[in-house]
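Input: one structure, supplied below.
As written, the chain order gives the labels A, B, C and D, with residue 1 at the start of each chain.
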């Protein structure tokens, strides 16, 4: 097969690093350029230093447009300023600039479990946010069956890589180790894309989705715990989830309680469903940098180029 | 002042160790015996090895009853079997055996912020559970004002010391480091004592308190995040909390968001209140081994013996 | 290519789990059986729960001998009792039972960078220890040139997975988190195999190799810091190492200082060389479960079956 | 007793925070001012937020000289520029500006176990470095007996707080969690003060002290592992250490192996001595912010003002 010619913009950040870790071993990809103005001329492994021995690529100061697809790994707000440069290639935008549908752009929301066929045909993909991915995968089966009703609480805890590599008090090891804190309660910026997808499936749902995000003392992963009131019998709920995801290669319903490290360094999402009287708890876990960012971006690329969506994504879990 | 003669039963566990760390420096305490059948004859510091240099006490194989107060640090279920031995002294039971009121016993629930005067007069104290302490301190001000209404969600994350020193898969470092998991969703055993105290203040409250406990990748501390619907204005809520705790030496309302390590190695509880529309979030943090166990036990002892309740409890925070 | 039929004995432990994580995605392997008496009949993913979604294999209570190669992942001391069962297949023994040469067995020491051609021809392989791998890769280039002289200090720090999954005080999260301790100073059991390899290359070296192992507050990886006195110029030393490893796919000399997470979840070893006057420091890092155990075992298997030695071992680093 | 009037300069950093945590509970101290230009007017607890509830002090923009002692917690290089302001009070300088003896200043090196009587009479104290404290306490007993001979290796691992609160790549949680790395091998800046003290006791010792510092994945503490060749019998060595430290309240010789968390949040140093043939290993542990900085500063203050040197320093260990 002819290789897919790939460009990466914003090559020095966490999501670009993670993308490179996947793409250097992807059998059908040729990395044409990795753009980073501030690192131009350096070896990739001088910034993403675990890649020493895996690639001799250099950062580039220039964009190339003779490519098949570009991954935009730039900051939120920056992506929309450079899409025009790549308008003739496929684009996968990892920022949140194009996740909400607006007449002003033609990006498709890239959550494969929501709309795989649409993604296959798309030229431009807006890659979902990490919290949004974990929460949506927990909600979509019920929304599809028009079963959401009443308020939903989503207590979510994220690893430190979710905040990117910029230095701040809450990313300081001395602060974060052994610690826990809440931030942006009820106001997390991923709420919009979550509601958009829920409405796409169940347009009558107007209640609140209350997200309480926490900073966890771990580096990778998101655990989202969703509670809601639902009368439906446990077995029926379990069936709905099993049925919804039976052909999905990355989403699995666990019959036993789950823990975050089951998915770390993989593109998987695991779900666990519990019910006590009418109280439903759905626990959803992903690796925020993979299924929550760069892994999902590659999954989208695979779909857009007609590949098996798991290509290059059968990743060895870290487990410990 | 004449020293309080203290005995400790179950001296090898985490709560006894923590009690010893406080009591060896308590100005008005003489430790008469520390009972541990399996460690009898050993130095205390052979088990609680950070106490090397602080005490030359030995573990004892025998109980002494010529004491003023005994702390029961034995397993749940064991305490009730040995209370008779110490019936003529004061007893502070750290297990959950006597937390619920029953005609069969005369223990008083030892949450100072609930009923300080009752504790001062009590002979037998049932020391509250750690989750129960964090959650109750967040709820009591509203319950006192008859303001609880509708279901309450309590997402709580606990450090590994909450599970004691016994070895299990989920206490293994290789498992727990960088990890997160839910357990006992909706069914945590502290629910009973929480409801008992809430009813004591607001006997009309019959809705659900839904506790979702999580195992965090840290050693000490509990963070409880309580959400509920409440129409009352933020300022009024803030006033109620400030007023309730204005004379309490260990409970503080923070005006800025809080993080767990603010209370680690102290007997304090910090509360932070947020409101978005009618959604109220109360975050409550304690050190599970101190305000959640041994620190509160010493606070109760201080009250029972007419001391300032902070005696021996002005503890240097670890901070990092 | 016809698939290699593989059996695994001792399937429930850490090294077997790690082997399975590699082999389920290895393009030329068919896993015939995974033996674990205590788990027979269970799904693999019930024990190695991150494998949910990756394999539907079950643990087996029986050995099969109609295989091409067996991996022995049993405890030290147990392997030598079962080798006879598999004497007609190839054997890769991950225990330390056959690492030292004795007339009583025909195992070949499986450190590819020491004797790749011998491994290619071997029927039975003794897979090196984790400390031994990290230390040898730092010493072999000098030994090969007959340059070792005087005592060598090897300060090594290992992650918790190095001690396996058995529960002990020092593997308890409450103990190990934020902690550090020395064990087996000067007496670590890997010293024998290290000396054996050093002698194989430089049989005149009779000085001491002083290993000081430490338990680190991390889960995966070994960092070995070797110091010795050496008059040779830095550039010459650097050349010797570069030359020695120039064709090795898994050993890399870094020109900048290194940190442990550069190799975590990979089969790589990174080396960094520093010299101050005549004091030489060689820092060597590996993932103890991969290049230090199961990854190296698969590397040996690849060599024994004529495959590219990196097959199935181009592993995405965790990085964070 | 009349309270000691204390000033603190550089009040926003880690060592000042730690000093405040001790001094707010010190029975004979009145904190007169805490200087921090950038935080002037803020409450102390807005920066050191674990102090909420413990003090209502504000940061000051001005120095006061009507005090008994000032603690200089400013950066290395800054202290020497402000000592003149406080020349009429006692000064305890926590920076490294005055640790080396020069004719240009009259500071006394404040390691109580080296020269307690000199400290009692001193007006100006240079508080030792953290690595320097851990290493010296391991070496002084032998130096005092003129027993040091041959090179000494000192492998040391430090917690993240040792690098202060400034943000850098190696202090980022995503980088440091689960990680380990070497820095400043053979060249650590504390070598000078170590050699100075060693020479003070054994002026014939001219061999190398080789320090290999490592960044550990923990927040507090230093473990120093010193190896050297020594013919003296183990019992004699043990006696020398026991004798040297028998009246010291903060230094203890452990008869069992030690681990870092035994001293965390205390002012103690624990030593453990092992010998294998002629190879001696001395392991030394301290809390870098206490015995390695602010705790030792208060110990020096206590000595300078004729107090029991443990006053305010009987600190509850964190233990976990």
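Everything that follows uses one rule, which is that a residue touches a chain if its C-beta (ideal position, glycine included) is under 8 Å from a C-beta of that chain, and two chains touch if they have at least 3 such contacts.
No experiment lies behind these values; they were computed from the predicted model shown.
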item	value
Co-neighbours of chain D and chain C - touch as defined	A, B
Interface numbering overlap (same over half, different under half) for chain A and chain D	same
Chain whose mean Cα position lies farthest from chain B	C
Selected pair, greater C-beta contact count between A-B and A-C	A-B
Centre distance in Å when chain A and chain D are each reduced to the mean of their C-alpha atoms	46
Gap in Å, rounded to a whole number, between the CA centres of chain C and chain A	34
Distance between the centres, which are taken as Cα means, of chain B and chain A, whole angstrom	39
Sites on chain A at which at least two other chains make contact	14, 159-161, 174-175, 177-178, 217-220, 258-259, 261, 264, 320
In the complex, chain D residues that touch chain A	14, 159-161, 165, 167-168, 171-178, 217-219
Residue ranges of chain D touching chain B (in the complex, touch as defined)	14, 17-18, 21-22, 25, 46, 48-54, 159-161, 177-178, 219-220, 249-250, 252, 254, 256, 258-259, 261-266, 268, 270, 289, 314-320
Interfacial residue positions of chain B with respect to chain A in the complex	153, 155, 157, 159, 170, 174-175, 177-183, 185-187, 208, 210, 212, 214, 216-221, 223, 225, 227, 257-261, 264, 272, 274, 276, 279, 281, 283, 320
